[in-house]
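One structure is given here, and the rest of the page talks about it.
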Amino acid sequence: MLAYIVRRLLILPFILIGVTFLVFFMMQFLDPVQRLAAYIKSPEELKNLSSEDIERLIKRYGLDRPLWVQYLEWVKKIVHLDLGWSEVAHQPVKDAILSRFPATLELALFAVFPVIWVGIWLGVISAVHRDRLLDQVIRVFAIIGWSLPSFVFGIFILFILYGVLGLFPPGRLSLWAQAVVSSQEFKSYTGLLVIDGILNGRFDVALDALRHLVGPIITLSYLWWAFILRITRSSMLEALNKEYITTARAKGVPERLVIHRHAKRNALIPVVTVAGMMVLGLLGGVVITETIFDYPGIGRLAATASQQLDYPLILGITLFYGFLLVVGNLIVDVLYAIIDPRVRLE
Amino acid sequence: MRTGRFLALSFAVILVFSSLAIAQLKNPDTIVIATIGDVSTLDPHFSYDTASGEIIYNVYENLIAYKGESLTEFVPLLATEVPSFENGLIKDGGKTYIFPIRKGVKFHNGYELTPEDVAYSFKRCMILDRSGGPSWMLLDPLLGYESIKDLVRDKLKVPSWEDLFTQDGKLKPEYEKGMREIYEMIDRAVEVQDDKVVFRLVKPYPPFLNILAQGAGWSAIVSKKWCVEQGDWPGTPDEWWKYHDPQKEKDPLYEKMNGTGPFKLVEWKKGEYVKLERNEAYWREPAKIRQVVIRRVDEWATRRMLLEKGDADAVYVPRQYLPQIEKMKGIRIIRGLPTLAIEVVLFNFNIRVEGNAYIGSGKLDGEGIPSDFFSDVHVRKGFCYLFDWDTYIKEVWNGEALQPTGIVPKGLLGYDPNGPKYSFNMEKAKEEFMKAWNGEVWNKGFKFTILYNAGNEERRIAAEMLARNARKLNPKFKIEVRGVQWSTYLSDLTKGNLPLFIMGWLADYPDPHNFVQPFLGSKGAFMAYQGRNAVDLAKIEFDPLIEKAMEIVDPKDREKIYFEIQRKEFEHAPHILLYQAMGVHVSRTWIKGWYYNPMRPGGDFYSLYKSAD
Amino acid sequence: MSRLLEVLGLKTYFFMEAGIGKAVDGISFYIDEGEVFGLVGESGCGKSVTALSIMRLIPPPGRIVEGKVIFEGEDLLKKTSEEMRDIRGKKISMIFQEPMVALNPVYTIGFQIAEAIIVHYPDVSWDEAWERAVKMLERVGIPNPRRRAEEYPYQMSGGMRQRAMIAMAMINNPRLLIADEPTTALDVTIQAQILELMDELKREFKTSILFITHDLGVIAEVSDRVGVMYGGKIVEMGDVFSIFDEPLHPYTYGLLSSLPKLNEEGKNRLYAIPGVVPDLLAFPEGCRFRDRCSCAFLKCEDDPPMIEVKEGHWVSCWRYAEDV
Amino acid sequence: MGFSWVLKGLFKSPTSVLGVCLVLFFSIIALFAPWIAPPEYPDEPYLLPKAGWSAEPSPPSAEHPFGTTEGQYDIFYGIVWGARTAFKVGLITVGFSALIGIVVGSISGYFGGWVDEVIMRVTDIFMAFPFLVAAMVLTTILGKGLDKIMIALITFGWMGYARLIRGSFLAAKEELYVLAAKAIGVSDLSIIFKHILPNTIYPVIIQASMSMGSMVVSASALSFLGIGAPEGYADWGQMISYARNWIVGAPGDALKYWYTFFYPGGAIVLFVLGWNLLGDALRDILDPKLRGPRGAR
């Protein structure tokens, strides 16, 4: 087990180098002036800029140097934990990512719960009622969710929840709550506002943060349910066909326990992997949902970074995501071993 | 089934709590603005955009300010008097300006304002002179050069600024003396005399007071002591060049503010919001509003709902979406606000040929255009007649824009309501195209691409209109309209690849020179992109008149010259004047005290307060 | 000896798109108390379906369409599903061919055995159930049972697993044990040990056994009486000696001839029944074996009756019909 | 597993019938687009006809049966030709990703050893990108245009197939028929093509039909974010982005501009739904692990 963890961690630097080099490689399709677009962000900024100034800016940011030189320069800085400056975020790349990660983490944590829970629940029901009406209804329901583009459904949900009902506003906090959070008395323990709110005894703040999470969570949940549901359903069907299920029935285990104790536990093993992938996807930022709900997370940052070709930030985010992915997959593997005793000794 | 019950229950709980949160007048002592502007720096001398300018306007103060809605009258702010010939504070035929400095004003950190701070501020702005920044407005009247780099190049006879330094960034010893002399020039231009500050101009400069009154940054007064504490230029001649053209994020004032204005900076949450708080120790009455939050919300639908729910008091509304909020309750829409901005289609007289994918074959054979296609005045005029202003302004702007009669916009000296202008006329367009290139254009046709930076609707539609009308006029006239990423646009624009391109200009100060010079002057901001032939044309036709207009003080005489410039502009048609838009202000009706000044970058929060109707 | 189980005219069909698969098509047999009844036949002949039908665990699209399963005087097919559940594992329990897949891989052996107690005796505490499980493991010959109870199925050898499986089946002291090919997947030496264990337990707990296998050698060793199945029907039934000494049905005869016999010095080539067992849907009308039968004649196109040739020795073949 | 058997399976459940119908429906629209909605300029049929210049969408009328978007693009025309675009994007991206995946996965799985190690690590690198962000970056770099989107989607879309094929290969390699083929000296390529691929292709078919929908959604997401199809191009994603700012309606009349959102949104949802249902059905039919006991379907 330990050897396995070590081996996986050894892959980490390799992945990170590969990923970032690929970004640099892609940037080679641009000429230096195009790369400068990260620094001159709109026509308005061209106002008093001569072509000489443009040359100077290119030199200043080293945009005309060859790929290898730029990459090595960048790596040199990385070694000192300096990810560079993001012009889009107006702050160092490291700060930009670290300041938005708690928001994304919070959203992911709160979204994961309903998605996995309900997804498994529906998946089990669907499998147990295989091919009957209930199964068909659940599957159609889920597959519609899966077929809905997030930019169609997200806007729709925002419109209903906030536009029509006026209940769940976009953003991350209401104004008054923002004032509380940025005040001196409010201590930030985790960066997750719901938890911090509770720890500070400000339940109103926690509730407010929760209120802002509802829209994105509903959107994400419906879109991702199908994902969990189908894998649960199919692995549940597979499990229900297994002989140990007949064994359980043959020893008189009630049907409820046959399903929930014997089949489900086995069916959940592949679900763990998928759920793990999903959590990693959520942590990597949900670009469109965050954009629509004006939620200040990694996804929105990534969207802006890539639209404006802010390559220090793109690199930072890719690095961050690569790290997350490798470590996250490792955690999933460990979890896997805990759920499935067969894996333990391998 | 347990899961289902729990879900229903938790949803019900959330519903109850959230319905408690709805109120009528929200946040009575806070103003929330939702906009798309991206604040890029808080250093007043670095900033040159309106989003940053709005913050700076409310935190820093200038010597003087515009009086209410006026563009010609001023009120003293950190000065105690507005200089004029009458009160003797403008002397030497408009080459010396004297400002008595107000006493007892404190910066937000408690430091007292001194005349020394004022002089330091202007010198700092001139020395800082970042690439593409606003410092030229001070440098031109005070030193006679548009940038420090031009000045250095001229005085020290070096090819470029970089040549002054060794590999490791040290000033080469041979330039030490020259650089000190240049500093003396800067130093002499703004001087402290007792409790006054004196500006010495190299020539009379009619819009100088406008430049000092503009609140977006370059004339803002900072505290010298505080700046030095932040690691900024210490105000001495030693190594002043190190503080020239800094990298934005290394600029000590990049994210810190310490002004004398009615609001203090509380927090700049990058990319999310800027929060300001009332300055209780303000030298006038403290502001009525305690707090201002400027939120960045890119999604229109979200902004709209924030406004509708009262969570935002004012939002940025793109013109095309006005119909959506016209019937909204509790919303005030103020239309027809004159803006000092103009949108122009510029012809490239010398299109670059090598590797240019936008001009087809590069020949006049019906499958492309030659490099100097637009050098023929008949081609340019032909295109001018193809643009359908009436439809465009009616459909795209809901009638809330003007067709310009010349480059000087309405509201400024030199605007000629009766000046000649082009109109949509297919016959005349045909006539011009038949004359162009000895009739070859009409017979063979052409093909090229108009680029616009994706996301700009008005520019897209203007380009499409030209393209569709051209094809209607002659099926051999093929224009492809293509939206591209800003990076591509930037690159092709600076390389000179674009056959024609659309640009806007927002006034830096309300004077016709600020429009004539960039668009018609041979050294103007846009001529460089319009090619050699355009520069030559400007040198002959426009430069002498532009210079003449700046040497004259009498407004009547100036106006005549600007009329003449614009008649020549019509005759040579170096560009198509698209529109001068009318501004729209949208806010909740409970916002009171709002007034308009076209030169102000955003809101004047000092004047605002909230009360239910 | 009294009748413990009597199966009468049991028909279990599978309703598939392609047609109706008559997996079990009207079989009847009985098992007396303390008796071992062997059910033998090639794979696919309906042995396992018979077992699952008795347990009423036929998966869809299969269904019991006709017949009676009388257990302790009551028809199991008329029981409610809850009553039936309580019978399973308590009065009738079952062990399977492949203990690796028949044991739930994610629970410990101890848990799975203790669970069998708890589901029938909810009043028993987990600790108590666990203790009994450990004792039972010891009884079925698992060394170090306390530690073994904590282990997962994959940690055990095949023989151990089958012992655990037996322990699980016997934990509630059932009246009837259905053993569906319990030794097929095991090595020959282990096979013998398991069979011996079953024999011991049978005596100790006075349990009847329905022993299902395709292995005639095993049948000969353990059964009191034998039923031979082919194509969903019992073609011959009788006590083990009469079946082995004088097989009547051509199929039984073929099966026995295909056994290698050591005492004949292995000189003769083994006999093989010609053809293969057809698909469930492809059996011929009438006698189902007639396509492969060397002595089939015209009459075989009709369903053959069950004929008691000798006392307690039945055969379903036209050759023994008196009126032919 | 014959073709007719698959067909039969598809008409088994109502959901898969629905899937087949939807896909067929859109195929017909795409195929007959020039007759359903004749283009204004036949040389550029994907360019949406424009009924005017006004920003405000206009409701369905006799002339524009589905109404017009902001900027007066005809929605009906856009839906019809957008079906072609969707098929183009879906088939090309899925086809090429699958092809690359199959080639890479086959090489990796068949040869194993260090070849496998290297290829799998490269795959890991590509998978370490968040898909949408990676596609956005590449599209932004390459510039606006449908072809650019497709390149970006293919570049970051092949890894799933490669892994799938590799996995099947590793399993198949141990199978007797492959060992036998190797033993009698059949060449590598012919083993791959004749013996392994036909037996491992089903999961790829399932995966491909499922990702038809998601690829089209990804492409429209890029259009939605403003870095996708060229302006005025018949593309559902772009049409939704035209509706994006109108979906909230007008005060007191929330559904005023419903048609801007309803038709393109409906088209894309139904298209994706069709493919997903089809993929789901194929999976049930082709995936042996899911088949019931004793061929019970």
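Letters are used for the chains, namely A, B, C and D, taken in the order the chains are written, and counting of residues starts over at 1 for each.
In this section, contacts are C-beta pairs under 8 Å (C-beta built on N, C-alpha and C of every residue); 3 or more make two chains touch, one makes a residue touch a chain.
As the structure is a computational prediction, the values presented were derived from the model and not from experiment.
Distance from chain B peaks, on a Cα-centroid basis, for C.
With centres taken as mean C-alpha coordinates, the chain found closest to the middle of all protein C-alpha atoms is A. In terms of C-beta pairs in contact, A-D outnumbers the other of B-D and A-D.
Mean C-alpha position of chain B lies 45 Å from that of chain D. Inter-chain spacing, taken between the CA centroids of chain B and chain C, is 91 Å. In whole angstrom, the spacing between the mean C-alpha positions of chain A and chain D is 23.
Each chain gets a centre from the mean of its Cα atoms; for chain C and chain D, those two points are 52 Å apart. Chain contacts: chain B has residues 299, 301, 305, 308, 485, 487-488 touching two or more partner chains.
Touching of two or more other chains is recorded for residues 30, 155, 159, 163, 291, 307, 309 of chain A.
Counting partner chains per residue, chain D shows two or more touched chains at residues 140, 226-227, 244, 247-248, 292-293. On chain B, the positions that touch chain D within their shared complex are 299-301, 304-305, 308, 318-321, 323-329, 391-392, 395-396, 454-455, 457, 460-461, 464-465, 468, 481-485, 487-488. Listing the residues of chain D that touch chain B in their complex gives 50, 52-56, 70-71, 140, 143-144, 226-227, 230-232, 244-252.
By the touch criterion stated above, chain A contacts chain D in their complex at residues 11, 14-15, 18-19, 22-23, 26-27, 29-30, 131, 136, 139-140, 143-144, 146-152, 155-156, 159, 163-164, 230, 234, 237-238, 241, 281, 284-285, 287-288, 291, 299, 302-303, 306-307, 309, 314, 317-318, 321-322, 325-326. Every residue of chain A that touches chain C in the complex is listed here, in rising order: 242-244, 246-255, 257, 262, 265-266, 269, 339-342. Within the complex, the chain A residues that touch chain B are 30-31, 33-38, 40-54, 56-57, 59-60, 85, 87-92, 96, 99, 114, 117-118, 121, 155, 158-159, 162-163, 166-171, 174-176, 178-179, 182, 207-208, 210-211, 214, 291-294, 296, 301, 304, 307-309.
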